[in-house]
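Here subunit A shows up in two complexes: once beside subunit B, once beside subunit C.
Entry: the complex of A and B
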């Protein structure tokens, strides 16, 4: 294997603002990092994190991820923290040599780091000392290796980077199935056999939930001290209410939930590893498949992250088209979310189908513009793929001015004051505001808990600073408010759409020449957008080659699940389904 | 507030939808019924009410020009040749790397010639993203509109080779009218340019 070349820039010479305060407080333990942020020594990391949260006011930890700098011989854990009042991130990093691979856990400071640290352990093999539940999250216990490490190779491994040289000029077809799983391209030890390997995930899970203990004979027994009437119920992975293959292991006391642990990864395909093999542009259609209801917004998030590194902005018309597509996507998503929330409540498919009618009309527009209803693949770096006709704009206006307001109003009349819905939703799954922030929840979940945090306002991207709209907020933090806030947000999206469709100028849709192999200057960028489900972030590290060195996705529905246990505690088992529905997850994004 | 009023109001919405589905039937009663092809745009348009479903496969939604499905190769019926020059850009840009091309060689000189010897697309891997058509500099590969690809077998019949992939440019012109018009205009412009140059040289 040829080691990837890593050209690192010199560290930042001077620290400004809050980073300087941090440096002053912790002295030599805080060092400037390359490109952005500071590196904090591991022994003061916890203390510094508390200082960042409490004294500097960065209460919201958006993203935790890790990068494998194999050339330099260390892992870097990257944290992005934000102020709830808005503004840019405070980026801080922790480093650990590859053979040590241990960093203090920040779960005690930000509980929202829980799943993200588990993901970093699972995929990168970094131990987080002090993490209360450091298990694999997307893969199974007993899986060999940590796939995002740069020296790990997947089955069917061909080459380090696309394009693969076997395709041209002497291309001959080999079926993927012919490149056998057990061939020498797989990096498992010779004596390791997956059929023999023991999957201990469930065992660890049940022991972790206090349900079983390991006896000296090695068997699993019920602990003597816990002989209560508690019962473990597995909901999923094949359960109609889980919106996909998602499993919840619930400990019940009678019918009341004592503890809930989500188990995921059934749809895991290591999107990020695929992304690091791909060229930058090739990742665009893959982002469609993250949250497959909102492919347009995923495209936008990725385009914005890469454009940050490239230092380009799309032309005016393209910016407007992007906003129009993103807001239509929000309406599609919220209609879908409400429809299926009602499904979860037992109103089987009538509300869902009413909601989907309008979705079809919007998807018709997407299909005409991009060529596909769901896998749009519409945005490009510095523009969009296709222009739209005047007829398209007219039809979009017809929808926005005429049809959609009526449909949303009808949905509102149909559901909002329904006593059954109120009885099932009000006061259920309450997430108080301080916990909503601590658990790094985002999007409608965060805003329904009384925190008016919206990336479109807090750190405006694209041209959102030009539009007149309100950040929807509700204060009870229960399922009912998470339903209402989606209705509110659809009204706000319609407001933005009206302005955008009226103002859209004529002109170019692509800045510069469209290229398939772009060279992205070396650097690091975290681009985030307000996806319908919450804050979608792309953390990209470029080493100047045609492929991203690191490509990480902060998936909103994955991180929103961190708070699921907290929301479900004390409720009846029948409410779990509704609470899960109110978070609105898509497994394509949760499992990546 | 009377308990249950919210439910009744909600049921009113359901009733409205129910009634609308019959109103629509009455509307199309003397026009040959709801499922006539001429009614499809209205039934699927932004002013549609009532039943929203399409009776596939009897009825099919019209496809916009941009619609993209597995690509095909354009055969130039004017000059009787494959438009592809086997430059390999589509194979490079393909995200799942499902395109295999054997570049043609001239048997006399042994040098590469601008024509593919073999061209494979593995339809089982293709994600229909459309990059190959978008970045092809010769307008030689285009996205198809034929989405009915089900087969009884999942290996050989879904590995598309050159004969399977080639479609005449008349088909391309039919499904992509505006793209075809752009191609023709570009060709005209190039011809005019060449003519100008030749005129300048002879003058």
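Entry: the complex of A and C
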């Protein structure tokens, strides 16, 4: 193993703006960090977080993640907070030595940190003191080790970084199974006794939820406080309504939901660990498979994050192509979401068939432009992969001007004022605006609760500042509004598409020359885009090598689920399916 | 039975050549039986990842899997004939998949859809990914692609028809004496444990411990 390279530069010389205010207030407890933001001492972290939220007005905590600086011997927890009025982030960090690995939890300040802190505990092994429910979230209870630590090796470990030198040693491929000691993608600790092999992951899960307790005899018993008529029902991971392999443990009182706990990780595909081994460009096709309905906008988010580090901008035509693709993707996603929301309401598959019919037409355009209908892998750093023909533009215009408006209007006409839909959706799964912000929800869920926050407006990226469009907002925060806002957003996407397709200039589609192995200067960048499901962020730490040092994905579906319990409480069990459908999750992104 | 077998070699008078159909009971019954069931293979409504989206598209209007009699996706494994493993199989999910497979009534078939289900695909090196569902359950048809297009899935379904066509009622395992055995459900311990491999795991662990012991002795 080669020693990890130094990832740190000298700290910033002086602090500006709100960071200076923070420094003035907390004195030596606030120190400037290397590339951006400040490092706050652990003992004042909670107080500082409250100050940042209440006094400085950064009410929206977008992302919490951790980085393992093994060379320097500490973990760094990175927070990105934003103002709802728009503007850039306030980046603050907390550090803890690797052998202590404890940081105060910020769940009491921002409940939206809940799942993200649990993820950091699961994958990085950082304890968050004061977290109400700190247990594993993506892996199962009892898993050995914390995989994102730099000194943790996966069973098929070959080398730190790709390209692996061993891939074609003698002109033929070697199966990973033949290469490793266990002959499979597994590894067991030395002190483990195989005779005790017993699946306790579910028991441990229930104990963690307070559903059971371990008696002195070793048996599982119900804790005293729960000996009532309450019933625990598992929905998923194989359930027709959960939009994938998602599991909800629902505690019921009769038919009313007392508590709902999401259990995820059934599609945890280790994007972040694989992403650290990959070169920058190799991660592009992996981003397709995050939110696999919207591969184009995932590409865009990742490209923007890396371009921030590289300091380049794509040429005009590429910018337009990016916007066109991203907005088509939004329509694809919302059509899909509405189709399947109706599926969940009991209109089995018919509305979905109409939605998929239109989606296929857009996928045809994607296929012609990128070569693949679903996994487009279209964006490149500083441009896009392929140009489109004039014929393509003409057909896109035909769709945007004729076909899609009619399709959306048809959906609107048949669904919006439908008695049954109103009865099932209005007043169900209400998320009040203050809670929507506190839980860090994003996208349609946030905007349906009356918060007009859209990254395209709040912190414009690409060329969104040139287009004339409205940020759709609804005020009731129920399932019905989350449905309506998707219709609204499709209309706005069509507006942007009309402008973009009319204005697109001729010219280059790639800045500089295409490169397979780019060298990214050392630094840290958080690139975010308004994905159809919400704010998609990529936090990338570069140490100057051809591979990212840390590659973190802030997935909107994952964080929107933090608020699911709040939305479902007090409703009937039959409404769970509808509420989940209205959040519109994709498991590839939830579990990563 | 011996007489029946002789039918195959029995000379048929030339005037009867076009009027008499010589076959065996087995072949005849198998033909009818397979003809009857091959065009109504009901898949389980079971999606894992990206491939499930293409599976849904295959069921939607443009590709229309109903043309092949497989539009009736059953949410319950008890009513399904076919499991389409559509997506990445993770260690956390594989116990449930094996359990679902065990719950399906025979005859049952498995299509492994996409690179991930077939061999781990792009995520093979991930610590939570199973290198192919065929490590646990028998697969009848593999459909390559990442994800395979809906047409590819339909092609896989047609390949499954061919396989069903060729099955003999006498030879298929589900009409043999005795009960067919369930596949042991994998266990989630410190890592995924295949109960069938426990003896091997035990031996390898002992080997590792011995190695470790030897190295600490020499160092001390």
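The criterion applied here is as follows: the second predicted complex is superposed on the first by the 560 of 592 C-alpha atoms of A that agree within 3 Å, B and C clash if a C-alpha of one lies under 4 Å from a C-alpha of the other, contacts with A are read in each partner's own complex, and residues count from 1 in each chain.
The definition used in the following text is that a residue touches a chain if its C-beta (ideal position, glycine included) is under 8 Å from a C-beta of that chain, and two chains touch if they have at least 3 such contacts.
It should be emphasised that the depicted structure is a prediction, and the values quoted were computed from it without experimental measurement.
Asks: In the superposed arrangement, which partner chain does A:253 touch: subunit B (first), subunit C (second), both, or neither?
Replies: Neither partner.
Asks: Output check: A:43 vs subunit B and subunit C. Expected answer is one of first, second, both, neither. What do you get?
Replies: Touch partners of A:43: none, neither subunit B nor subunit C.
Asks: Is A:270 touching anything from subunit B or subunit C once the two structures are fitted on A? First, second, both or neither.
Replies: Touch status of A:270: second partner only.
Asks: On the A-aligned overlay, A:502 touches which partner chain: subunit B = first, subunit C = second, or both, or neither?
Replies: A:502 sits against neither subunit B nor subunit C.
Asks: Look at A:155 in the shared chain and tell me whether it touches subunit B only, subunit C only, both, or neither; answer first, second, both or neither.
Replies: second
Asks: Touch check for A:173: first (subunit B), second (subunit C), both, or neither?
Replies: In the superposition, A:173 touches subunit B alone.
Asks: When the two structures are overlaid on chain A, which partner does A:414 contact: first (subunit B), second (subunit C), both, or neither?
Replies: Only subunit B; A:414 stays clear of subunit C.
Asks: Go through the superposed model and pick first if A:588 touches only subunit B, second if only subunit C, both, or neither.
Replies: Second partner only, subunit C.
Asks: Quick check for you: in the superposed arrangement, does A:142 touch first (subunit B), second (subunit C), both or neither?
Replies: Only subunit C; A:142 stays clear of subunit B.
Asks: Where on subunit A do the contacts from subunit B and from subunit C line up?
Replies: 158, 176, 285-286, 357, 360, 375
Asks: Going by the contact rule set out above, which residues of subunit A touch subunit C in the complex?
Replies: Against subunit C, subunit A makes touches at 138-140, 142-144, 147, 154-156, 158, 176-177, 181-182, 184-190, 192, 194-195, 197-199, 201, 237-240, 244-245, 265-270, 273-274, 277, 285-286, 289, 292-293, 349, 352-353, 356-357, 360, 373-375, 587-588.
Asks: List the residues on subunit C that touch subunit A in their complex, please.
Replies: 45-50, 52-54, 56-57, 59-62, 75, 87-88, 90-93, 95-96, 100, 120, 122-131, 135, 146-147, 149, 185, 187-195, 197-198, 201-202, 204-205, 208-209, 212
Asks: Provide the residue numbers of subunit A that touch subunit B in the complex, in ascending order.
Replies: Residues of subunit A touching subunit B: 158, 162-164, 166-173, 175-176, 278-279, 281-286, 350, 354, 357, 360-361, 364, 367-372, 375, 377, 385-386, 395, 398-399, 402-403, 410, 413-422, 514, 516-517.
Asks: For subunit B, which residues count as touching subunit A in their complex?
Replies: On the subunit B side, the touching residues are 3-7, 9-10, 13-14, 17, 44, 46-47, 52, 64, 66-68, 86, 88-89, 91-95, 97, 99-103, 112, 118, 120, 122, 125, 127-131, 134-135, 143, 155, 159.
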